[in-house]
Amino acid sequence: MAGNSFGTLFKLTTFGESHGVAIGGILEGCPSGIALNMDAIKAEMDRRKPGQSAIVTQRKEEDKVEFFSGIFEGKTTGTPIGFAIYNSNQKSADYSHIKDSYRPSHADYVYDQKYGFRDYRGGGRSSARETASRVVAGAIAKQFLKEIKINAFVSQVGSISLNIPYQELDLSQTEANPVRCPDKTTAAAMEAHIREVRKEGDTIGGIITGVIQNVPVGLGEPVFDKLHAQLGKAMLSINAVKGFEYGSGFEGVKMKGSEHNDAFNTDGTTKTNNSGGVQGGISNGMDIFFNIAFKPVATIIQPYETIDKKGDIVQTKGKGRHDPCVVPRAVPIVEAMAALVLADFMLLNRVIKS
Amino acid sequence: MAGNSFGTLFKLTTFGESHGVAIGGILEGCPSGIALNMDAIKAEMDRRKPGQSAIVTQRKEEDKVEFFSGIFEGKTTGTPIGFAIYNSNQKSADYSHIKDSYRPSHADYVYDQKYGFRDYRGGGRSSARETASRVVAGAIAKQFLKEIKINAFVSQVGSISLNIPYQELDLSQTEANPVRCPDKTTAAAMEAHIREVRKEGDTIGGIITGVIQNVPVGLGEPVFDKLHAQLGKAMLSINAVKGFEYGSGFEGVKMKGSEHNDAFNTDGTTKTNNSGGVQGGISNGMDIFFNIAFKPVATIIQPYETIDKKGDIVQTKGKGRHDPCVVPRAVPIVEAMAALVLADFMLLNRVIKS
Amino acid sequence: MAGNSFGTLFKLTTFGESHGVAIGGILEGCPSGIALNMDAIKAEMDRRKPGQSAIVTQRKEEDKVEFFSGIFEGKTTGTPIGFAIYNSNQKSADYSHIKDSYRPSHADYVYDQKYGFRDYRGGGRSSARETASRVVAGAIAKQFLKEIKINAFVSQVGSISLNIPYQELDLSQTEANPVRCPDKTTAAAMEAHIREVRKEGDTIGGIITGVIQNVPVGLGEPVFDKLHAQLGKAMLSINAVKGFEYGSGFEGVKMKGSEHNDAFNTDGTTKTNNSGGVQGGISNGMDIFFNIAFKPVATIIQPYETIDKKGDIVQTKGKGRHDPCVVPRAVPIVEAMAALVLADFMLLNRVIKS
Amino acid sequence: MAGNSFGTLFKLTTFGESHGVAIGGILEGCPSGIALNMDAIKAEMDRRKPGQSAIVTQRKEEDKVEFFSGIFEGKTTGTPIGFAIYNSNQKSADYSHIKDSYRPSHADYVYDQKYGFRDYRGGGRSSARETASRVVAGAIAKQFLKEIKINAFVSQVGSISLNIPYQELDLSQTEANPVRCPDKTTAAAMEAHIREVRKEGDTIGGIITGVIQNVPVGLGEPVFDKLHAQLGKAMLSINAVKGFEYGSGFEGVKMKGSEHNDAFNTDGTTKTNNSGGVQGGISNGMDIFFNIAFKPVATIIQPYETIDKKGDIVQTKGKGRHDPCVVPRAVPIVEAMAALVLADFMLLNRVIKS
């Protein structure tokens, strides 16, 4: 099985199940000599952690990262950075009801079919808990990339959509509310909607928008590893993601070439940015922006019918502490994956010029 | 530079510029003993080739594939399949006007910035001509996958959208018209729109829908190489693509979990398929379906202003024979990339069980 | 930086410095459903650990492996196996004398040049302590490979050579003495020589011979990933290794083709085995055997002259507890690397047949 | 099947059977802007080609390289360089006698077992003809590396050994005789021996020594992709190679640490070079030197007994035009593989420093 690594030179490999001993990873290729800001790493972890607000899962997980290697006297050494996050709050008893039956729209059934059996506790390897390791690596990548600004925010929850272009938003306000929508009014409506959905024992989907600024010209490796193709894969690899678009995206299909083309300024920047900062798979120095669709969380606290391993019908009901809407906590994950993509292309790009 | 290979075990590496001597590739990992149907390969090439109808580019390229290796007495040998397609119709003179200036929304500028200079003839490496090599490899992949049915079709041109679920369409009708939309009425409207746009010297975007059927349960390699993540990357790596969604996609964000969840039948299939055939990154045996957004082609036959290498403003005008809308010819490319993704996951999946 | 992973499908990635918090790794691709014998893993670790006999380093390191993931109810799940070995006995004070000067024939100088600085404590990433992670992964690989027998033993120490063909040795006697030479008389002479060398504060080189039996026909992936090429790389990646030969090896160059060719028996086996079990990079079912040359350990307990970071001459002397001869403890490392190579080719080979 | 690619960033993928339409490859990652000297490439091809002297195979193959891409106006563009060498002189009739029987110590049997059948003409994929593609790529790598000097020469044929250290040889004399041994007297003895062996219809083994000079400090990627490990794999992947050693090699095992250690000069160079230019897997700036053992060619022009596909004994006799000793023609192949290894590490090394 391949599949647990992301990146060519700046490369993250992760391990771990939600209710095993620990999750963690190895980050390779981080250049030497970077003085790591550990508080910044912790801050990213806190943005992702459960229990951070009233509208996310109330599980308590501290998500404390233990670094094993690759850092000496506070600086990266250029050798692999090994790390783990112990699963302190396992509560396996919560999950015994799913041992023998398959939850709809979860990965239980396919894991059993693919591997013959599974660690059924809380989703095991398919749990979004794995993304905590991505946030660790992404937080380090951000420190390597320091000139490049990576911001994500919630732009839609259910049918409540933020209809303001990102250029007109104050992205520093993203953290000012639990929904992580930088517009206060829209955030309040989104929050109210999430609370309502949760009350019903139900869940709701959403959209996260990402914006990457200050990107040097030249990142991306055609023809298969185009910047936006790798970015799309990165985002699609996050749990619950159903779609990715960048620049003009799906709306752009309605445009004519004469409207869609981005005319040049004399300095190589462009007057418009329908391209979304990428031409032919290579960054052109303009902002890279993109949208990511997240489905509603599959775990609902309502009675439902499903099948067990033998194919018999069983009646059951979701238990435990789950997110009514995944997008608020997914914002730092999106930023982390974007940082991993950019860091890798930065290293790959340096090797080109003879 | 990485970037010219796709796949881990069933792996295609391509080379070639649009106006160099030849384009081509090496396909590795194709199992031995497959009796290749050369007519089927040619048929796929013909679906992609220029000049096939009145609504595509009128360039004449025969796109004849020469196989160098990996095939003996009509069967694959398990060794790499090398092949080339000579660029018979180079007409370099057509492109001299773009030698020193940068076409808007083309890759001219970024290639120059990244590599220091570029083969400026007709887009060079960034030309969609490269996708002919993908179609060759995809046509072989289809023969390896024979149980699995892969179909793509045009579902939108500009604002003209096919609003019929794929299950209600007769996909065998896709080839019955030059637009490759299986619904005759919609196809006619799309064709008329493309003709109109071309008359203006303009271009228009579109959407291709893909459907993969008869997929075994278990394909896909979490957590980074999820089936839909790799499929998304494959599609986003095609020229002009701006977005990818599968299953419920962007519309799914508006749904509640109780609506979106796909309840099981007793045989492991599901009653609905909002998941789009993939759970947790692994195929569940249901149909995989997805949409791909294509921007309008950047080359327009209208006067426009742009910059030259020195950053000076120049007045110019598109020349040559270009597609007014890329989606009809992109249908076989989408199918080819889907076949490459599936073939690779088939091989990766076989190695799992001890 | 690439370089911390070995294998394509059965893949080990390691992290860790000798005096950091922990060393460890992630083993990907191990098939699901293998009931792991933890005692067998511990037994391999004990063969490698310091302090096991009077002729190896007297450092005390328990080398207890903590498994984080990929194992559920005693069986592999097919997901990545994360593990760590804490560095309990760090004693950093022992190494302060090498902080600012470069030990001859160690990696101190090149690490400083390559990365700008280094974790100078005990060799850091370049320490042979890293091989403990390989032994963990190799012990798991052995359990996957169970039909295949992998044995290594010491065949030379300094000029004392074991001149008996492996077929005439009882390889079960390898563990009967601290040198790990299966011939009692030669082992005694080797042991005496190591004791003598240690008394002088000096060190001595040696050769390990490996034998792999019961290998199925067909393993190895030409043309670059030939079985013996990957095996050679595996062995050359072990600390202190200076050479690798298999089958007739360096002696074979003196032979004529008529002597060297291995005539077939009617069942496809061969009458002789100068080929060493590999033809054209693919296993032929005969025993694979090979020799590995290890240089004398660079750390000697004698006064010597060297340079510091400024290039000034300094007088110094080795300290600490080091191996006078590396080969006895390297035997399980050689077996582990052989097991990783074979396990990966086993998985790669399964995917070939259509 | 993996196995047809070598390198991570500077990467060669080859295709082709000895008697198919063509052999060739794709070279990725060559930096842009290198003005290629095509005569230098041809010169390397001529050093490898059959029929170049009286002591090599008398087959006539022109080995003309056709470049397809990646070169524009005489310079590399940074895009993949595709190339092919047509198999003009196929003479398939020569090989019909080996269609149904297995030649001893050839890859016929294992290819049939692994893939189910094989292209039996002249060795197919397992033929050393594949190495012509490596020489093309290596000749380009040499032009990228221009500061680094890579020389190989024949140092042993059968039992006739060149016992002069490379430092005392004039390596410019390597091409002065058909054996490619830079010492005239030894070369004459070697040549006489090869003629004698050929007269008997027999073959003989040999050793090639390689020397790489002017290497910057810092190349190599521990812990698995150590410079010498990757170099060893490169050499072991060449047809007929049975062993690799570098620096003190197998002789070094007899030395004590106090003799073997290379004391530093104040500029970081060392007084001796038992290390062979590599410490801990990273180049230290001293000469890298190594020996490679080649077995005698398996094809002999004598009657012999073997088995056919059914396992029945058959009497046969080698035919065709074969090399009595492989080392003279293997010299440029060794240099090519060394160049590929160095070029890749050069690119990988540039990405380290933050």
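As written, the chain order gives the labels A, B, C and D, with residue 1 at the start of each chain.
Keep in mind that, in the parts below, a contact is a pair of C-beta atoms (placed from the backbone, for glycine too) under 8 Å apart; a residue touches a chain by one contact, two chains touch by 3 or more.
Quantities reported herein were computed from a predicted structural model and do not represent experimental measurements.
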Farthest chain (mean CA position) relative to chain D: A
Of A-C and A-B, whichever chain pair has more C-beta contact pairs: A-B
Chain centre separation in whole Å, for chain D relative to chain A (CA means): 46
Between chain B and chain A, distance of the C-alpha-averaged centres to the nearest whole Å: 26
Chain centre separation in whole Å, for chain C relative to chain A (CA means): 39
Junction residues of chain B, two or more chains touched: 1-5, 8-9, 14, 29, 32-33, 78, 114-116, 125, 348, 351-353
Touching residues on chain D, where the partner in the complex is chain B: 1-5, 8-9, 11, 13-17, 20-26, 28-29, 32-33, 66-70, 72, 75, 77-82, 84, 114-119, 124-125
Residues of chain B touching chain A in the complex: 1-6, 8, 14, 102, 104-107, 109-111, 113-116, 125-126, 130, 156, 158-159, 197, 200, 202-207, 217-218, 221-226, 228-230, 232-234, 236-237, 239, 242-250, 252-268, 270, 274-276, 279-284, 291, 293-300, 302, 304-307, 311-313, 348-349, 351-353
